[in-house]
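Both complexes shown next keep chain A, but they swap its partner, so chain B is in the first and chain C is in the second.
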Partner chain A sequence: MSSGQKKRNFQIEAFKHKVVVDPKYAEKTWKVLEHAIHEIYNHNASGLSFEELYRNAYNMVLHKYGEKLYSGLVSTMTFHLQTMSKSIEAAHGGSFLEELNSKWSDHNKALQMIRDILMYMDRTFIPSTRKTPVHELGLNLWRDNVVHSDKIQTRLLNTILELILRERTGEVINRGLMRNIIKMLMDLGASVYQEDFEKPFLDVSADFYRVESQEFIECSDCGDYLKKAERRLNEEIERVSHYLDVKSEAKITNVVEKEMIANHMLGLVHMENSGLVKMLLDDKFEDLGRMYNLFRRVPNGLSTIRDVMTSHIRDTGKQLVTDPEKSKNPVEFVECLLEKRDKYDKIISLAFGNDKTFQNALNSSFEYFINLNPRSPEYISLFVDDKLRKGLKGVKEEDIELILDKVMMLFRYLQEKDVFEKYYKQHLAKRLLSGKTVSDDAERSLIVKLKTECGYQFTSKLEGMFTDMKTSQDTMQGFYATYGAELANGPTLVVQVLTTGSWPTQSSVTCNLPSEMLALCEKFRSYYLGTHTGRRLSWQTNMGTADLRATFGNGQKYELNVSTYQMCVLMLFNGADSLSYREIEQATEIPSSDLKRCLQSLACVKGKNVLRKEPMSKDIVEDDGFSVNDKFTSKLRKVKIGTVVAQKESEPEKQETRQRVEEDRKPQIEAAIVRIMKSRRVLDHNNIIAEVTKQLQSRFLANPGEIKKRIESLIERDFLERDNADRRLYRYLA
Partner chain B sequence: MKKEDTVMLISAEGFEFVIDKKAAMVSQTIRNMLTSPGGFSETEHGKVTFPEISTTILEKICQYFYWSLQYASGKETEFHIEPELTLELMMAANYLHT
Partner chain C sequence: MTRASKRKSDDQNSTPIKTARVDSVRSASSKAAKKVEERIDELYTKYVNQSSCVIEPEGVEALCSDLKVDCTDVRILMLAWKMNAQKQGYFTQDEWRRGLKTLKVDTITKLKKSLPELEKEALKSENFVNFYRYAFRYCLTEDNKKCLDIETACVLLQLVLGVRYQAQVDSFITFLKSQSEYKVINMDQWTNFFRFCQEISFPDLNNYDSDEAWPLILDNYVDWTKRRDNVATA
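Now for the complex of A and B:
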């Protein structure tokens, strides 16, 4: 607008709209609009002027004829919808839904146009009179006149349900049409969708699946049934995504889950020859995975699987650990355990989605049955012993770690970790002293693992053993560096200095060493004590080994690998051709049981009988005589004479170990009691028991009776006293 | 400017204002006229006649449309309205739902 125009003088004019004088004005205006609505429904709108219609409606509202406009709209629209309804009713069979759909889209379009031209009424008249807005009004009228008309309502529902049934039985239906019809119901409001369709749909579905699941379960095994159930479930989900309301998905899957899974859960799990146990036995990962995924959907589904799996593992595990056949070979026993554990680990990771609750169930099952066999700790230690002696040759480092990790896993299940420690110490000592360890790294790695698992205390002695071995090597080097020259021609001595306490206690029985050895040993003693004052050395001759070079009568030379005792015996034959048992015993002072054993392995083992016994018999008697077997031959130049390797303990040995373990536990229990009482000052009996058990759990399962005895002993020694008023209370005496 | 992108607004006196559709659609009423399905004559011909709006007011309205677009895009200036136009302009605004 230019400034020139701005200066033009305007007059404020009077109200421009014509003041309505014509009483028929409203009637006339409405006629125009009514005509337009007819035209719109008859697809004849192209000639109409939007502005004119809008203006008419605008003026009617402005001139207080809103009510007339509104009621006129209602009756005109109702008229058209009733016509439509008639034509839909008249449609035959399959064309019914199509007719409904096309009329619905016509109405929708018309409604949109009508709303646009009546927008002014929508904006001003309707909110102030609290009437239904035009669009909603159109939908309501459609609902009342068409969808809820007597002849359409049930027919519509039945048609839809029948089509869905047909689709379930494998027919192809017009999903696009279905989508439109369902969409129409949804547009008419959530309540229409739910009442007119969803509820009956869910009921019919429940019936359908109830019957079908009964049929399935009678004629198929568990795996097949689950496959079918899974397929049905997926079909329903797909159906929802194609033409139902998203909110229906949870409801319909619920129906399928309930009818097909929840109602048959126990039947499925326990199904003979194909149930869960069978699947576990046969490693049916796919079926198990399917079962897991389906059962997860229903309440208590997973716990059902878990319970059955747990009891199955417990049963089979119990069989395994109590099977006397398996107990004969500890290595095999542990391998069976590991195999079992691997199997279930795999099942849980492949089929059960690494579910934590399943892993816990697995762990608790293993813990349960491993501890059923009191010798499990010993066997596990023997297994490790076997692996570290020979089993790891040629195995890659990562694989060693893998095996050790698995062993640690079994170790974690043990309740009596201290028993394991005891055995492990024994076995480790034998390994170290006989130089049988294959890999130092592997040994140390296991120690580190034990340390992280049970703390410094658990492994300090084991580590002490390694340190002893290392220092001994240095000591020997020092010894030979000093005396090497003058000892060059004599026998070689290798001494391992063991710290008392770190090593399994051994009754120190000495024997008479051959004079050559004795001199050497004395030399070492003086050397050692010279560098380490204030120490005491005692010889553990029962633990040593020796390599001998022997020349037999026929000039044949052999290298014999024997124990120290055997060496002592053989050396005697350097000075005599034959000796009686008594002479040997006198000369060596080896305890008779050990002597008998060592003579037996020298004289009675075929192929290794370097001595000849008179008379020839299997057992050693005190009247026997021995001489060098001149006819001894062997294919190998090096002959290893049977040293007793770590074996499963015999019954009395086992008792002894057990007793030692019990002895060791006493101070630990006492220490725990004192620790607890020191912080609590006053505590009643049951709580002490509970806390002590908890504190010691990582090492062993304390026996309440034993704890009680320890408490009594502490009372005797004035660490604790009973409360005078309440005898169940204990007080700590500082 | 392409014909589809413009619309012709005709005043009571027959003056024709050709403006961008985008601008015209600032008015909710005109927007409905141009977008309603079913093909009203306005949509087909791109012409809207306002027999009750004078040229002066319609011109002011067209100015307002463009001003409004600018304002919406962040250019905050004042829109000057002559006092004598106020009443009629307000009525037209009510009609056009602007």
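Now for the complex of A and C:
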């Protein structure tokens, strides 16, 4: 700093003062500063000169008296803090915290000023000697002399905890004061905050909530308890936001969660008359939502809810499908299933936040119990049949889609999809042939959905059926265009030409058609074969219908809608007044069981008895006589006698269908085995079983015993062989 | 084809190479061999049916009585095995020659003496599977080219395995006769039954695992046995 000018005689001296030589210099300077510190602590700082004090401090450090300055600072500050401490100790009851707070505030202000004054020391002496900086020093001294003083430390903690307890029991406390005190602890360092406050706070809270939760659980039901737990949880969160360190939030919420929820989880869920199951039954969305939100905070909380829900659904589902009452009406059966599904969908979306794991649990439960009843595929098909026949009449398109989507959802749960396919085909055939479908669009829409779900193969035959219907319409148009004029006076024929492979197999036994029809049918046959060479037609007389105009002896005229068999029988009476069963059988050649049923429907059903039977018994024997019932009356002009409505199968029919399904599965299993072995060449037993089962999963659940049987059959037919060395390996024989 | 092969050892009608040194030895042994062949053929003519030129069942019966062995004796079956005879109850000349040559016999007495040796050989573990499978094939007929009916199978089992695994065979035969699902046994099931006797502890059947590749008929057999045992102890 010397000017460096040597022109003048005198030199401007640098900082070096003569005072340096003065040994008392340090002492004097220190005294000044000491005095200042006293004044500051005595709220007398206004009379001090910052510049002077700063300079003094600066000089001390510069002249290497930093040590003296520092130690002086320590002792002076300590002195004052001890005074403060005594004052705080002396405070009574409620004013303890206030006094502490006030003194803390004072100390901070003082510290600030002192730090400013001693800034030079802070920046130079302290770093080089690695001593604690002033501000931190101030805090440490406060901590050691005040907060950790014997008479204060425990009392402080107890006071704070006492206040918190009071607040928890409903009193209002001075939150601002608490905030300041807690902030003080935070300012003193994380370890002070944790050791002096947080740890004990958490322990005490745990005890508090442990006791409280025990009390609650003995006197509240589940819903109420959860409300209380939620309230407490929110309280704690709010407390933290108001006067605790934000890092404490997770810790205190953990405590509440553990004591109030985790420890009582099972008890709550299984609480009689108010637990989870009751909530599910009563659709208590709010309570369920609360439970979900609380339980998700604790480990295994959600899985506990999920497990109880799953077993409940499985149990109630099992009851539903094995209830013989419900099984009586297939449509009702399926409606119950849909209701159940809707119920839980709603619960999961409203209360469980659309949680995917719950959705999956619901799906797996449904899959489990739906397949417990082997008639489920049949019933679902009957449900669809009912809807497509009349249930969807007048329903808007988007609602139709909704219902069909729901049906698809149930379909997905089925393990035996091939059984469903069989029934669906049968029912669809009846619907198409009787023209009884409500909406063609709805039918096609469902086929598309099935195709998306299961692939082309599943629906190709069904689509074939629709195509046949359409083609038949065109064929009929062509037929009447060609022969229209000729046939104008005769009966009208409507033929549906069905491709054998696509439609459900029926054994076709033709009967003798009345002569009026025979010629017409033959004409059609030759017309058709004329345009389609190489095909064979066989009349399915067991599947047709006819409309007859009948005039009875009493002058009444009616239009009768009957089956083809019934028509054959009735037409006979154009030529004879009465006929015996034997004669009818001979003339029509209708198979006897069908004929008996047919005659019963014509003669023994009230309101539809167009024939009279002698004797009047219900059973039909060879010698029974039949004649036209000239006394027949009906309220309607059009009387429907023969209907071909899809119905729940009788036992023997069910057995037959089941057998056919099993037979159909055999080649499918074999095809899968051959496919797999062809690509793998060599494979061991367990793996084949696993692979085959997987491949066939989308259609049905393959039985390992059945797969084994098919493998053996393939070995016998030299498609596969066993490996010579390891009998568990199979080898593909090209 | 090594010389030790029993099934397909051909007629050793190789013409001896005429070298100076071995000539005498060869011609001596070839003369001896020729003699043996002649005797074998002579023996053949004793039993052969003149019109068909093969030994027919009556001839076999005569052979058996000469050997003082019952026709249904397993040793006859083993003899057939040695001959690799294709048709049950019939021996062709080739088969006859093959069998007797391999056994190194040319008279009835010698043949009779060789039977115990033959039996031992067939029962040796390395040959037995071979013999066992042969026995099945031997009993197949024109009508049943791939399977044996249950009756025949039971008899054959008793014959072939009865000595070694009497308990298993008895039990299995009872099962076969009492069930109605299977009317025939195929080669795969036949072979696996032997393996079953070898590997599975009897009568507890503890180490039987139906998930392994045992034929379904054996799974059914094990279930049947277990049910019977339960009924017995209950």
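Note that the second predicted complex is superposed on the first by the 713 of 734 C-alpha atoms of A that agree within 3 Å, B and C clash if a C-alpha of one lies under 4 Å from a C-alpha of the other, contacts with A are read in each partner's own complex, and residues count from 1 in each chain.
In the analysis below, a residue touches a chain if its C-beta (ideal position, glycine included) is under 8 Å from a C-beta of that chain, and two chains touch if they have at least 3 such contacts.
Treat the numbers as computed from the prediction; the structure is a model and nothing was measured.
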* Looking at the overlay, what does A:705 touch: chain B (first), chain C (second), both, or neither? -> second
* Who does A:109 touch here: chain B (first), chain C (second), both, or neither? -> first
* After superposition on the shared chain, which partner residues are touched by A:731: those of chain B (first), chain C (second), both, or neither? -> neither
* First, second, both or neither for A:685, with chain B first and chain C second -> second
* First, second, both or neither for A:58, with chain B first and chain C second -> first
* To do: Using the touch criterion from the header, give the chain among chain B and chain C with more contacted residues in chain A.
  => B
* To do: Scan A:314 for contacts with chain B and chain C and give back first, second, both or neither.
  => neither
* Touching residues (chain side chain C, partner chain A) in the complex -> 146, 186, 188-189, 192, 195, 211-213, 215-216, 219
* Can you check the complex and tell me which residues of chain A touch chain C? => 684-686, 689, 704-705, 708-709, 712, 715-716, 722, 727-730
* Structure fact -> Residue positions on chain B within touch of chain A in the complex are 28-29, 32-33, 36-44, 48-52, 56, 59-60, 63, 82, 84-85, 87-88, 91, 95, 97
* Once bound in the complex, which stretches of chain A touch chain B? -> 1, 6, 10-13, 16-17, 40, 43, 45-51, 54-55, 58, 109-110, 112-113, 116-117, 119-120, 123
